[in-house]
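Pasting a structure below so you can have a look.
Letters are used for the chains, namely A, B and C, taken in the order the chains are written, and counting of residues starts over at 1 for each.
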């Protein structure tokens, strides 16, 4: 750990708590998405979609607070560009998860597919790894935790790609109703974009690691 | 207003005029889009679409000039990253408005829907607020003007989201022709993306405000 | 050429070789895409799609290496933001080319259209110009080479836009099978997005030119 980092870290009462809240929020939103796609109770699904929306607003406020702190503080615990990138990309994850849930309602999709459930499960795992890695930024004592989380996130993204592509190939092969195909394809792709953004977050974390380890 | 800002502002003969031109250009392009979606005269619509395209090129040249100035000037009236972000996002607004108009022609959409008209109206309001806020960057004397414009733009984006989502839900409910559904959905989503970019512009303006107020 | 640039250039043994490899990789991936869309031999096409995927991974590793170098080095041969932007955008080109090829397989598209072939040809030309411009960054002796390549890339992007738009307009006019329309439209748009990213790369190169010439 370089000295500049150690010097400023103890003083950071601003960014770390906000990032930790943003990390926990991503876990909550992913877990709520999993409820959306797994429940067969339409009322429960509706409530879960509303909750995803609420959590997305919570995330928006956290991103906003991080940007405001960034504007007000000249000295930051790690590179300004990395703080901006990490906050942006966490915001993107929430946006895509929210868009997936919203589209399920919007498109009146009654039966989420197996592939959608699998993607939501992958997102839960990825977000837990993100949360863990973000917490570790506080002390920077066990950077192996961050590195391992990033590796798992990258592997999750590959798996998500595979699941999404296979499902879309099958849609084009077997789904003869074009409107149904559009619905399914768009929701799958939006979920897959959420996993892409998790990978982007892991890349930012890795960049922070390289600079400060 | 911090002293560094006041010191350099009077010298800025480069960025402010370019941003003001870019702001006015966004108003013009949004107003021309409104003509595209409201007129029933197909010839008039065609002329308006051509004009949107011309204005998008004007915007491209302005963005380009701002980037060139940024490359040549070490000292800038506000943060380099904010100048870059503001110019980029204004360019994106023009791009999405242009794409919406172009798709109306490309898809041979003869009757723009009520939702498209509403979205174009919201874009006109948003772009006027953007123009107003950008002009205020010159003196920075009445920052309330910028803050108020940003609040209205944020509220406009929420309204646009609602309008777009409702229209798409109705398409999936009532439109049985898949190709027609694709056309309508894509144009609605492109319009909505233009409003997203207006919100991004408001976020950059707010960031400039926080740093320099 | 400014003195700071001349001072540091001879020392850059890190970024220039990586960028040159990334440039050559883009040429290879574009040429392999051209095989994908021109061959009628389904087995040969399958092998070419696999090769596009492999080259995309090679590109990923190069982007990753550039980002790691950027994290480790305080002094860079040109602006950090430009290095980051150029590496990102080259990565995006590879991603969109890979997505185009993958979708051809995924959607089981047996006959790539004339427009797709034309777009792949344009991408080959653009990537060769990119490669040439990137090589010239090494000596910075003949900046005309960079400027000319950028002009040709911009003109290629305009041509790609035209080809893609015309093909999509024709799809909406003549294709009555909605699922077929979706397939064709998405592949055309993904190819066109790859050409957009080439233009973005040219814009970064131009920015490097303006700052260092």
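Note that in this section contacts are C-beta pairs under 8 Å (C-beta built on N, C-alpha and C of every residue); 3 or more make two chains touch, one makes a residue touch a chain.
Since the model is a prediction, treat every value here as computed from it, not as a measurement.
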item	value
Partner chains shared by chain A and chain C (touch criterion as defined above)	B
Copies chain B and chain A - interface residue numbers shared by over half, same or different	different
Chain A and chain B: spacing of chain centres that average the CA atoms, whole Å	28
Two or more partner chains touched - positions in chain A	178-179, 182
Of all residues in chain A, those that touch chain C in their complex	165, 168-169, 172-173, 175-176, 178-179, 181-182, 185, 203, 207, 210-211
In the complex, chain B residues that touch chain C	67-68, 71-72, 102, 105-108, 178-179, 182-183
